[in-house]
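Pasting the structures in now, so scroll down.
In the two complexes that follow, subunit A is the common piece, with subunit B as its partner first and subunit C second.
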Partner chain A sequence: MKLRRTKLYLPGNNPNMLLRGHLFGPDGVILDLEDAVAMSEKDAARILVRDVLTRGDFGDCEVTVRINAMDTDLWRTDIETVVPCGIDGIRIPKVENPKDVALMGEALSEIESKAGIPVGKTLIFCLLETALGIWRSYEIATASKRVAAICPGGEDLRADLKTTRSENSEELIGPRRIVVLAAHAAGVDALDTVYADITNDAGLRRETEWVKQLGFQGKSVIHPNQIPIIHDVFTPTAKEIEQAKRIVEAAAEAAAKGLGAVQVDGRMVDRPVVKRAEFTLQRAGLKSGGEK
Partner chain B sequence: MTINTAGRNIPDSIPGYGDVKHFEGHDKRIPEGNRYGKKNRASFNNKTDKTLPDIKAAISASGLKSGMTVSFHHHLRNGDFVVNAVMDACAEMGIRDLVLFPTALFGVHKHLTKHIKSGVIRQIQGSVNGPIGQLASEGGMEVPVVLRSHGGRPRAVTSGNIVIDVAFIAAPTSDRYGNLSGAVGKSACGSLGYAHSDAEYAECVVAITDNLAPFPASNIHIPQYFVDYVVTVESIGDPAGIVSGTTRVTRDPMRLLIARNAARLIESSQYFKDGISFQTGAGGISLAVAAYVRDAMRERGIKGSFGLGGITEFFVDMMKEGLFERLMDVQSFDLAAVKSIGENPNHIEISADWYANPWNAGCAVNMLDTVVLGATEVDRNFNANVNTEADGALLHGIGGHQDTAAGAQLTIITTPLLRGRIPCAVDSVYTVTTPGEVVDAVVTEFGVAINPRRQDLIDAAKEAGNIPLVTMDELIEKAEGLTGKMSPVETEERIIGVVEYRDGTVIDVVRQLKKK
Partner chain C sequence: MQTAQAGTLESMDCIVTVSESEKGRGITVSMEGASVARFGEAIVSSTKDTLKKMGVLDISVSVQDNGAGDLVLRARVEAAATRLLGGDAR
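Up next, the complex of A and B:
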């Protein structure tokens, strides 16, 4: 599994951030061609993002580009420009229709084969920013093999729900639960939306702890200072690490002896528990990530 | 012409400066002879009041004449009224061709440009910045500016390289017999560290105060036996400009990233242990480094010995918390530092001579473990430029840069790799202020380059495992890859600035900018 605790948005028209974003150590960066860029600057930002992608220095980050929504006439030019640079994935805003995801999958295949990139390499991250998108999240998550994660929206979703932001984001409890459920049912990651109050470190920590408990694998990030806080929340405690080590070791021993399930701390350990323990060690930085 | 050991080709004599002693290495020049001494004088009990009615009366009494050298301190920083007022008075009295010898000048002193243009001021020996720097860079001064560090300046004074005819000392408090304090008064600025050598060595000392206290004043920083005259004025400065600076740690992520890299380097070093001594500036990155180091000291239960330099509330709080035993304060940056120096015996005022003069029996920087400095650019040989900007104009003084770099066991320069589209790691700096031989590491957001002569630091950083190590060559290549090569600055032959190393040798020169 690939760690996706933090995905840092980098405005597509800001060379300063585009060049430096990866230095802040997020698990991934999102070069943003959508909301961060004014309509009059779309072309310039697309060219800038292409040039930065071509230089190709993003450290170990998973590199994605948020393209313009599929109800605009910009998205095709967006993907035609950035996908040949060999990015890890695209982020589609305001997804409501599984057919759009399938259409995107086909468009990507065409560009990949033209550019000599292995077909299927470019992953899709779906932003579900409307009630309809949330409602159809499972269908969307399963509409293409490329889908790597689904993410609930924030402000757009609140608007569509005809509500406003409350202190603890109670209005998003339902949508977040639906997204987590759909994501895990579909076998993709559930990645949470941004925490907009960039100076409220305590609030960010509280929300991150909560979404981690719900079952999210990470959050989108709009300010680099949020990264260490989110990583800290998603980093297992010493106790969790100890237990995970014991489970992984016991499982390895059992496998060597040709046994199936074994007991650790008086509890049965089967394959899902071992996988979970391996994931814990990976989050703790004690085990490298394997394939998804 | 001679190529000095910093690799600069310097004339053997410079018009308006004289014969050049070439830089040969940071610890190579050893002085001979005795310290300078001012003329003897006597005073008796028939005169117990040194006050004079105004600045002009003091100028007359001091014997100041055209062509002489006058000195000022910069403890009132951008709030200072005194330099401008004294120069105005000199102009009105028809005094000309003065050599201005301040410890530093600030934006508020752009007022002096008219006195430079009219010939009241012929030369500046001291830092120039902003409009005066621009004026000098464009050839607006007849005689080159001479730049010295905070240690190089008292060295020049105590050795007699420079003889101060009249020192005008802005004093937040004075009594009628010339006992001066920086800690008390409506214009309190804390330490008067930069004024000490001037008080001790100037042929005549005039104190200018806006708080005449009954004799004897309290919290005496400069005692009566150095001071010849006292003048009371309505105000010596604007408190808003005197105590400034912020103690809030930046939230700028790039600065925090650089600061974290620097703090980790310090924590990985052999110096991060009980008794550590530490100096940082008051700027954004420096303060953030201090904050990270403070957190690490708390976490690992480390107690430091002293904090040095310009002192801020941040350091005052660290001492209160027990993270430092003492503060050695040459300059108090904010109100908390001013209050602390007046109240806490562990907060010690030190003179610039004590702080950084290489020509005495031991200055404070020699006892320093780590210092965190900035620079406008650094180069392949770890040379640092703090004097000129990318356009070649004189913009900043040296401050304590050369001194602390030479004194500290671990000298770290923090800088963003790019400022806008200007690279800060370059093949060769435009001006060498501080030679690479006394710089141990350059810390940027793109990684940490450790001077190859410090294999011990490289090993320790590798061992720590959390420091993004790169080579200087890689940093330069990265910067150039992002910005392209800069076009060279176009200059005339004429030298408008002489950068002295702290030992009085010439490390570099600055030439007049070509007219665009």
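Up next, the complex of A and C:
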């Protein structure tokens, strides 16, 4: 499993952010061709993003591009421009229909095939920014094998729910729970929306702790200063790491002896617990992962 | 005369303005900005190379630089020239 604690949005027509964003150490970057780019600058941003993807350096970051929504006439040109650059994935905004995700999967296969990129390499991250999108989240998450994560929206979703932002985002409790449930049922990541108040560190920490407890694997980020706080919340404590190490070691020992059951600290440990312990070590940077 | 423009004066960016030239006049490049004294030759070379790859042989280019590297300069030149060729002048 890949670490996706933080995904930093980088405006697609801003060279400074596009070239330097990864230096702030997020797990992933999102080069944004959608909301961050004025309609009159879509063409220039596309060229700039293409060249940054081709010639720039993103270190170990997972590189994704947020394309324009599929109800516009921009999305096809977006993917034709960025997918041949060999990106890790695309973010589709305002997904409501599983058929759109399947259609996107086919379009990506065609482009990958022409560009000599392994078919299936480009993952899909779905932004669910309407009530209908949230309601259909499981069908959307399972509409293509490429789907790596589903993400609830923030402001767009609030508007569609005919509500407004409250201090603790009570209005998004239901949607977030649905997305987590659907994501884990479908075997994809649940990634939370941005925390818009970039000066409120305590609020960001509180919200991150809450969404982690719900079952989210990370959050989108709109300011580099938010990255260390979110990483801190998602990074296991020394006690959790020690316990995880004991579980993983005991499981390896049992496997070597051909035993199924493992006992750690006087308690029986089964496979899901071992998997969780492995994930804890991965979050702590002590174990590498390779899955979607 | 048709002109087109791309880019901004934000840090690490540049504004590239292109305008039509008579056939046979070639590519002419004028520049302004703090980096011109040190990187002027490189700016001219990258600008001409980008335009030639696009098949543009006669054009007048003005670059207002605010620390754009080669990558950004080339992207802005391509965007401006594409707008000019596509008739999307601004």
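To be clear about the criterion, the second predicted complex is superposed on the first by the 290 of 292 C-alpha atoms of A that agree within 3 Å, B and C clash if a C-alpha of one lies under 4 Å from a C-alpha of the other, contacts with A are read in each partner's own complex, and residues count from 1 in each chain.
Here is the rule we go by: a residue touches a chain if its C-beta (ideal position, glycine included) is under 8 Å from a C-beta of that chain, and two chains touch if they have at least 3 such contacts.
Owing to the predicted nature of the structure, the values given are computational and were not obtained by experimental measurement.
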In the superposed model built on subunit A, check whether subunit B and subunit C fit or clash.
clash
Please work out whether A:R271 is in contact with subunit B alone, subunit C alone, both, or neither, and reply first, second, both or neither.
neither
Subunit B versus subunit C as contact partner of A:L19, first or second or both or neither
both
Let me test your reading of the model: by the given contact rule, A:L48 touches which partner, first (subunit B), second (subunit C), both or neither?
second
Is A:T199 contacted by the first partner subunit B, the second partner subunit C, both or neither?
first
Comparing the two partners subunit B and subunit C, which touches a greater set of residues in subunit A
C
First (subunit B), second (subunit C), both or neither: which does A:P224 touch?
first
Where subunit A meets both subunit C and subunit B, residue numbers
19, 55
Taking the complex as given, what residues does subunit C use to touch subunit A?
6-8, 10-13, 68-69, 71-72, 74-76, 78-79, 82-83, 88, 90
With touch defined as at the start, can you tell me which subunit B residues reach subunit A in the complex?
251, 253-254, 256-257, 445-446, 481-482
Could you please specify the touching residues of subunit A with respect to subunit C in the complex?
13-16, 19, 40, 43-44, 47-48, 50-52, 55-56
Provide the residue numbers of subunit A that touch subunit B in the complex, in ascending order.
19-20, 23-24, 55, 199, 223-225
